[in-house]
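Dropping the structures in below, format is structure tokens.
Shared between the two complexes below is chain A, which pairs with chain B and chain C, respectively.
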Partner chain A sequence: MKAIFKIALGIIAAVGGFLDIGDLVFNTQAGALFRYDLIWAVVCGVIGIAVYAEMSGRVAAVSGRPVFDVIRMRLGFGPGLIALVASTLVNVLTIAAELGGLAIILTLLFDAAFSMFVVVAVLALIVIVALLPFGGLERLFGYGGLLLLVMVATAIDQQPDWGAVAQGLIPSLDSSPLYLYFVVGTFAAALMPYEVHFYSSGAIEERWTEENLKENRLNAIIGYALGGVLAVSLVIVSGYLFHPLGVEPNDLGTVALPSQVAFGETGLLLALGGMLCCVGGAAIDSSFAASYNLAQFLGWEWGRYRGPKKAPRFTVSWLAFLAVAVMIVESGINPVEITEYSVVFSVVALPLTYFPILLIAGDRSFMGEHANGRIASLLGWVYFGVIIVLALASIPLLLITNGGGG
Partner chain B sequence: MSERDSIYIVHRLLDEQILDAEGRRCGRVDDLELRGSPPRVTALLCGEGLYPRRLPRGIRHLWRRAIGPERWGANAVRIPWEEVDSLGSTVRLRKKAEELGLGEGDDPERWMVRRLPWN
Partner chain C sequence: MRIAARTAVLSAVVALLAGLLGGCGDLSRGELSRGVESLSALAAQGGLVAKGVAEDGTKATYARVMAKTLGGEAEHEAEKLADAEPEAAVEAQRGEAVAVARELAELFAELQTYPGDERHGATVQKHMARAKAQADAIAEGLTGEEQ
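Right, the complex of A and B next:
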């Protein structure tokens, strides 16, 4: 009973931590521009991350190897280095996007300048990481992120045409570049690679073994399914409210607006609070992911569980990544734009980190009886194909649509 | 390791994580030393000075110019095969990292560690 309770708590934290600034930006814009037409792309992305996370969590639990350990083993030094550099660039952009998002949300809640809130946000995160153990970090931001359930309540309160919503689950045939750009964007926002780098390294931090495989599978199936409900509700509320008005939301305040329309100030505060936790958690996850990757690839000691004294290079690199991200945000680029670039570039880098995981998860010499079965294998390879197509399409679409600007 | 245990060294040994006798992560198998005929693995090689060897020729020269040549005992360490305790999902060594000159970047007396705010 106690074990079930513990697994449930983990799943709840996973649900709350599912969304990040990429989902908030892309899903809200997708709803405003195409109403419910892109729900299928969000769902495909959520299934994709469930498949990828399940495999890498299983690899971590069974063989004790996080993602970049696997990458170094399977790709070797040279090609692995390309994966490391690409992932690190994307991760730093993502950290910048999340920090910028945090600062924007803070300016909506309190009265002070954006550039000051960037510094406040990053200092607050450093203090929180210094004070809390690994599990505490996950729970704090995960449970806080559940405030965003107000989006689900908003969607129900709006009483949308559920038939039209259901129709959004079927891919619609629209080949305009803007539509395709948002297919890539909403898919990629759900499947940000840092989430998986963090998840698999977290499995090592929490000393997972084969006994945690059930937890891993439930996380992937139930946790991500519920997280997907949150992600889809963002599209629904935005599609219902903004699509008829022809509003294109270009700032984060708009994301919370539907909840204010539905539930007044309480709704607004719940939404902003949930966004703050989701984006704050994602800032920590993405910055940790950047340092995990570097340390694992080069064989350094790493992990929050080791502490800064035993893993100094890991800790210093974490602070350095945060510092670079702060500089990017403070340079004055709109955080929403940084978000779009981080999401689109992440899908370009994704095949490099996905492929080695797919190889090792199916390799019996590493995984024994826990190697990919028929279903995991099939899903894994199907998604690899999908990811390759999206990776090839993403940059041309970014250029043609001028970053979704039309 | 008994003689009968055979592994594919590029599949399972090259690039593997190295742990010292106390379980500290202290580098990866960046290269291997093979000697004799038939060749046998006589040592694991580890350190950032070896990274250029693993890159295509053009980049190798650039990298060498940037960080300098291999300096044995400093940026390139030779770990004799006798020091290897076991091979599993990591390479376990018989001695502590310091005794073999490994993991110096993470040694507690290094400046980075001393200057961290919460020590």
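Right, the complex of A and C next:
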């Protein structure tokens, strides 16, 4: 009973921690521009992250090796270094985007200077990380993120044409560059590389073994599937409210507007609170992921459970990544723009992250009986093919559409 | 002789280009139409924020910050449209669009000043709806499509 309860708590945390600023921005814009037409892309992205998170968690639980260890082992030093540089650049942009997002949400709640809130946000994160154990961090932000269930309630309250919503699950034949750009964006927002870096390193932090494989599978499949419901609800509420009015959601505050329209101030506060927890959790995940990757590649001691004294270089690098991200946000670049660039550039780094996971998870000599089965293998290779196509298309689409500006 | 002919041809080309460019302007019908659509979108979003204020269904800080951000966008759009040199055929619509953008900026300023006042919220909501209708009418005139 206790084990089931623990697994259920893990799933709940995975649901609440599923969304980050990339999902909030891209899914809301996708709904405003294309109504329900891009729901299929969100769903495809959610299945993709579930498939690869399950693989990376399984590899970590069976072998005790997190993703970047595997990347260096499989690709060797040179290509591994390229993967490290690419992932680090994307991770730093992502941390900056999440910190900027946090500052925007705090500004909407308390109306003071944005730059002050950037500093407040980063200091608050450092204090929270210093005070809470690893599991506590996951639960705090994961449970808090559940406030965004108000988006699901908003979607139900709006009473949209559910037939049209269901039709959004079928890919439409629109081939305009803007549509394709948002296909890449919504798909990539769900598959950000930091998520599997953090997930697999988190498995080591929580000392998973083969006994945790069931928990891993349930977290990845049920947790991410329910998290996907939140992601789809963002598209629905935006498609219902913003699309007919021609609203262009270029500001993070607009994401919370449908909940205000549906449930007044309570809805607004729930939405802003949920966004705060999701984006705060993602800021910690992405900053940890950047430090995990660096430490694992260079063979340093790493891990929140070791503490700053036993893993000093890991801790210093984490603080350094936060400091660089603060400088980027304080330079005056719009956090929503940083988000769009971090999501699109992450697509280029995706193959370097996912290919080694796919190889090692399918290697029977390494994984034994826990190697990929037929379904995991098929899904993994199909998704890898899709990732390659998206990686090739992402930068041209970014340029052609002027960053989604049309 | 050949140099004189070449100079004459070059001068004619330059004169022709100058004439063409002078008549064209740097703001085409399509660009103006996109600018006006942005104004319509801003008015719609402003209307939703104002509705929250009017119904006491929002948080004052949220309404103030949103009004400030959206007002800045309306101001920017007004400046962009006012600075551009329109094609002769759309000069009148450009003027109307600038007027709508300025009105929107003023409405957002009002919302920013009174984010907790329901009466002001209701007035701004009504004016936002009117500004949106004006923007849609301009866009319809430019594209020939009903907005």
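Note that in this section the second predicted complex is superposed on the first by the 406 of 406 C-alpha atoms of A that agree within 3 Å, B and C clash if a C-alpha of one lies under 4 Å from a C-alpha of the other, contacts with A are read in each partner's own complex, and residues count from 1 in each chain.
Here is the rule we use: a residue touches a chain if its C-beta (ideal position, glycine included) is under 8 Å from a C-beta of that chain, and two chains touch if they have at least 3 such contacts.
The structure displayed is predicted, hence computed values, not measured ones.
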Kindly classify A:58 by the partners it touches after superposition: chain B alone (first), chain C alone (second), both, or neither? neither
For A:298, is the partner it touches chain B (first), chain C (second), both, or none of the two (neither)? first
Let me test your reading of the model: by the given contact rule, A:269 touches which partner, first (chain B), second (chain C), both or neither? second
Is A:78 touching the first partner chain B, the second partner chain C, both, or neither of them? first
Looking at A:35 after the superposition, I want to know if it touches chain B, chain C, both of them or none. Which is it: first, second, both, neither? neither
Going by the contact rule set out at the top, does A:69 touch chain B (first), chain C (second), both, or neither? first
Mind working out whether A:312 is in touch with chain B, chain C, both or neither, as first, second, both or neither? first
After the superposition on A, what does A:139 contact: first (chain B), second (chain C), both or neither? neither
Hey, what residues of chain A end up touching chain B and chain C alike? none
For chain C, which residues count as touching chain A in their complex? 34, 37-38, 40-41, 44-45, 48-49, 51-52, 55-59, 61-62, 64-66, 69-70, 73, 147
Once bound in the complex, which stretches of chain A touch chain B? 63-65, 69, 72-73, 76-78, 80-81, 130, 298-302, 308-313, 315-316, 365-366
Chain A residues within the chain C interface of the complex: 107-111, 241, 245-248, 250-251, 253-254, 256-257, 260-261, 264-265, 268-269, 272, 406
Residue ranges of chain B in contact with chain A within the complex: 11-12, 14-18, 24-28, 30, 46, 48, 51, 54-56, 89-90, 103, 105-106, 108, 110, 112-113, 116-119
